[in-house]
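Sharing a structure below in structure tokens format, with a few things to ask.
Per-chain residue numbering starts at 1, and chain names A, B, C and D are given in the order in which the chains are listed.
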Amino acid sequence: MTYLEAIRRTLDSALEDDDRVLLIGEDVGSGGGAFRATEGLQEKYGIDRVRDTPISESAFTGVAIGLALAGWRPIVEYQFADFLTCGFTQIVNVAAKMHFRTRQHVPMVIRAPAGGGFSGGPFHSQNPEAWFLRTPGLKVVCPATVEDVGLLLAAAVRDPNPVVFLEQKNLYTRIKGSYAASSDDSVEGARLARAGTDLTVVTYGAALPTVLEAAKAVRAEVDVEVIDLRVLCPLDWDTVAASVTRTSRCVVVTEDYAEYGVGAEVSARVAEQLFEELDAPVRRLGSGFWPIPFSPPLEAATLPGVDQIASLLLSTARF
Amino acid sequence: MTYLEAIRRTLDSALEDDDRVLLIGEDVGSGGGAFRATEGLQEKYGIDRVRDTPISESAFTGVAIGLALAGWRPIVEYQFADFLTCGFTQIVNVAAKMHFRTRQHVPMVIRAPAGGGFSGGPFHSQNPEAWFLRTPGLKVVCPATVEDVGLLLAAAVRDPNPVVFLEQKNLYTRIKGSYAASSDDSVEGARLARAGTDLTVVTYGAALPTVLEAAKAVRAEVDVEVIDLRVLCPLDWDTVAASVTRTSRCVVVTEDYAEYGVGAEVSARVAEQLFEELDAPVRRLGSGFWPIPFSPPLEAATLPGVDQIASLLLSTARF
Amino acid sequence: MTIASSDDAGSPALRTESPNPGMTKTAGYWLHLTRAIEEAGRRLYLQGRIPGSFYDGRGQEATAVGAALAMAPDDVATPLIRDMGVHLVRGVTPSAVMRHYLGKSGGPMEGRDGNIHLGSLEHGTVAMVSHLPEMLPVGLGVALARTWRGQPSAALCFCGDGAAAGGVWHETLNLAALWNAPLVVLVERNGWSYMTPERKYLPVERISDRAAGYGAQGRTVDGNDVFAVYDVIQTALDHARDGGGVTVVEAFTYRMHGHGAHDSQRYVPEEDLERWRERDPLKVWRHRAEVDLAWSEHDQSELEAEISLQVTAALADAHAAAYPAADTLAESVFAP
Amino acid sequence: MTIASSDDAGSPALRTESPNPGMTKTAGYWLHLTRAIEEAGRRLYLQGRIPGSFYDGRGQEATAVGAALAMAPDDVATPLIRDMGVHLVRGVTPSAVMRHYLGKSGGPMEGRDGNIHLGSLEHGTVAMVSHLPEMLPVGLGVALARTWRGQPSAALCFCGDGAAAGGVWHETLNLAALWNAPLVVLVERNGWSYMTPERKYLPVERISDRAAGYGAQGRTVDGNDVFAVYDVIQTALDHARDGGGVTVVEAFTYRMHGHGAHDSQRYVPEEDLERWRERDPLKVWRHRAEVDLAWSEHDQSELEAEISLQVTAALADAHAAAYPAADTLAESVFAP
């Protein structure tokens, strides 16, 4: 099963299991969404539960907030994560601050396909997580595997808070795995993606497969442990800290920019809190700090690649 | 002269000196703006150069981008920095990426009063800088003194790029200084706000006066050096690095959240690049990681205060 | 009752010709309570005892009160800074308002938010955010939530004449019209957007004329006549709940105080204020009360005295209340 | 010339009854060039030789070409994904387009952006962002920039019938109307918003009817008739440049290909495609050319041959071109 199929299957189960679940967004019914993540669901659950909307991100996000406040469990789809900026006020000012201000719950999921790698250009390739991570009140999830995308989406639907669920569109059909059904209620927790002893890589999302490849490439020299954060907020600090305490070295790799993102936050936190454990400075690597370009060689020079990661692993191990 | 007067005077000079300069925003002509930063300017320069707009942040920002592209130097005012989310797409997707994509210049300034400290509540107190710092293509400025606000605003108007100019509204009338006219063309460079030998505090904006107070409070025990970043993008890393190399200790204090902000970025960078220079882990302090509350004791418990900073300085010095 | 001087007296077809006397008394009570609470708050603010800023709806009380009275129990409103009357009519007590103003514990937002930002679904309101007019879709969502589970409900979303320029206005009306959703947008046409006069933000005569572009109904009403507002809103809400679709009601009124209590509104022409003072919602109401209820000076004094007692008690309660504890802020961010 | 089968044949008052023969030939050239370039690009994409996604304006060429031809030199356009014709008419060469499609150096965006995202003020266009309809105010700003310095200019902003639901539409029209600014919004009424049919995003008959709500003019036109589009847009742009204000032109047309080349549009009824194929803009044009210019099979073959040569040359040029160097990416972020 692909990452995309796991999403579809999870949405299907969510609609099946809980009458309060609704899908809302552009083309989600008609055609089953731009990436077909909702294919067949309008036919199965009807136009009232799988609702097409006009190109009106602020309105449909606001409506979903109202629905969530009053007892439904809306899942809104942004056609690309780049368009999250069009409903930004609703997300960061209305949804994110509602519980803090009023103690009312806003159980909604904001699904959005994020990331580059296929010449989508500056407006179909962005990784927006840091905008939401620095905004108190939003949970942020970035699954990197087929199993996780199902489990975490199911958990996000059950979460009483607004969850920004960043599907890694570069993984939609690229990776395979099996579908796991679970009723575990917490959107939480990092995962050990590879055990190792010499160095900890903290990563998530579409960067994971690249990191694993790089780890394999350097395995003769360095035994790399890889932590897949999965959930960026709340961040599973304990898992990171335990691993870095063991390995004494840490590299953070993200497809998002390293600057002001998970790269910065995890690097800072590791250096601050594990100061005496570190044998080498933390290193971080993300996309080049410019908009994601369209042209294939330019995009390749922008996203963190296997070689770049591998050499960072080696230089950190050798420090 | 107050911080606010320096802004008004600089806007006045900019309009006087350069026919291409325009002011655009809600109430900027009528009444001279919510904080009176543009008072008298419509009377002086006419309704064509100081333009009132409806409540339409996306439209007026977009229009300003078009004006900037075609040779004008628009300065748009957002009534509060909190409302930057309403023109977010224009700022982060249109303005920020224009030069990268097309090599065309977008010389515009986006002025916005930011920050808390006067019971403005969750929607009139936000510090939005990190949203823009993690977006390539925007310069970001946060002046902390009367002199700087004038110099940096004048430089921002001359800059060929979009500049997010975050006026620290808590300083508008609280601090005094003298007006400095300059034709120095770079929006760049940190400033040594206090020389010291034991520990470097990196800060900016409304946190500066609080940091200086804390530095004074602990001066018997610690000789604190204070760097006022002034310009957050591009970040003057050399000044920070030189200071921390000398003092071997670093604390980052911001009114913005420490998480995923300048606190994270500077902390990470110091720890990564000055790993062998540090005698103590970097520490960072920002507002409590929740929306800025309205009620005075709650807001006071949220923003970084003198005592909190002072004790952080002491513990870092004693590490 | 009609106001002879009004040029914008609302759609005649919708004006009430035969009033309901019980309603007259009720409306008078809420109008006076709203006025008294906001006046008390404003005084406190000007004395420096309310933190932050302070907004009131002086001169626009009839719009908020009339509209709120027209709501069915399961309807939902998204009132803005001129609409204290909605909160009161929907059951927020004067003490709760005063605690809220002061940032005290026991207020509806526990000090997290202040001034006129309050609300909860219990009272059939959603607490506004400052961003205009972002509450429109949120209110609509609540009404749809109820409607879709078989509980008929309409959304009464307030919108300033300035805020109607915001993009979310258009997105929400288009979406609601498309879904034939139960939405009433009440535009408060008070002639000002902060310090800017309407000729500088509004290129057309009537905002409600834009309703046609969505296939929605447009109505105008005298916003200073609580009964006229009541009637037109009740009709519109009923229509919405009955599946008739969207109505935009434009209530012509005037902002009699500054934008906030910090604003002396020296930019507002005194003639305008003079003219609108004559049409003060409380005066308009009283005129009608005299006709309907033979309302006397004595009745008036009794009403004012009763309200004054309530406000005094609320103030005392709020002053005595504690501030919220700061140690639960972090855990307020997320629902558990 | 009229199309007998059209239900949406545009405002009769604005249809051209006496065409200009020079214009007929010119329009034919650009229509065919647009079609040929997009067909070539689409073929390349389907062969896997163009990266990313691929969008074309098949069936809508007359709208882009007619509107672009109506522009004065100093006017500015913000074309979208159906509007390649605008770029060509405004002077972007076939080679530049092909290099752009392929992400090669020497294209208008140097590989930073791709597919139909191109433009520069030199050509009187602004490169679109994907976010809809955010280009409206940007185009308006450029026209104002020129107008305000005494260089008469109008903005021709394209907008899909789907995108017209976005809030920026409303903000821009309101602001432009208020400022009596030189704006023409050209709504391409092609019946689809990606996979969604218009009944699911549009609650009204005509989007152009919304113009009245801003005090702007609304016009409809047969978007498949290049001459009709030319006339209505020229009139609207002249009107705008002359200080007459804003016009919304709704061009009725149909999307004949999928949303992008990846989209087989199995959801589009074959009858609709059949009906609209009859009204293909190139057919409509040719019918007129036969009348105006006694256009023959021979003329047609000559035109097609000439264009085919151009496209082949452009392809060869683009294939031979190098990719841009990656080492200047960081310095492209800011203007020096």
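Here, a residue touches a chain if its C-beta (ideal position, glycine included) is under 8 Å from a C-beta of that chain, and two chains touch if they have at least 3 such contacts.
Everything quoted here is computed from the prediction, not taken from an experiment.
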Subassemblies held together by touching, subunit C left out: one piece
Between subunit A and subunit B, the fewest steps along chains that touch one another: 1
Longest centre-to-centre distance from subunit C, chain (CA-based): D
Centre distance in Å when subunit C and subunit D are each reduced to the mean of their C-alpha atoms: 45
Whole-Å separation of chain centres (CA-atom averages), subunit A against subunit C: 41
Distance from subunit D to subunit A - Cα centre to Cα centre, in angstrom: 36
Residue numbers of subunit C (touch at least two other chains): 109, 112-113, 117, 129, 131, 165-168, 171, 174-175, 178, 200-202, 332-333
Numbers and ranges of subunit A residues touching at least 2 other chains: 53-54, 56, 58-59, 82, 85-86, 89, 93, 97, 100-101, 122-123, 136-137, 289-291
Chain contact topology (line, ring, star, complete or other): complete
Interfacial residue positions of subunit D with respect to subunit B in the complex: 76, 108-110, 112-113, 117, 119-121, 126-127, 129, 131, 134-146, 148-149, 155, 167-168, 171-172, 174-175, 178, 332-336
For the subunit B and subunit A complex, residues of the former touching the latter: 82, 85-86, 88-89, 92-93, 96-97, 100-101, 122-123, 130-131, 133-134, 136-137, 257, 259-261, 263-265, 267-268, 271-273, 275, 278, 280-284, 289-291
Subunit D - residues contacting subunit A, complex: 51-53, 103-104, 109, 111-115, 117, 129-132, 162-163, 165-167, 193-197, 200-202, 267, 323-324, 326, 329-330, 332-333
Subunit C partner contacts - residues on subunit B that touch it in the complex: 26-27, 29-32, 34, 52-56, 58-59, 79-80, 82-83, 85-86, 118-124, 288-291, 293-298, 300-302
Subunit C to subunit D touching residues, read off their complex: 165-171, 174-175, 177-178, 200-204, 209-210, 212-215
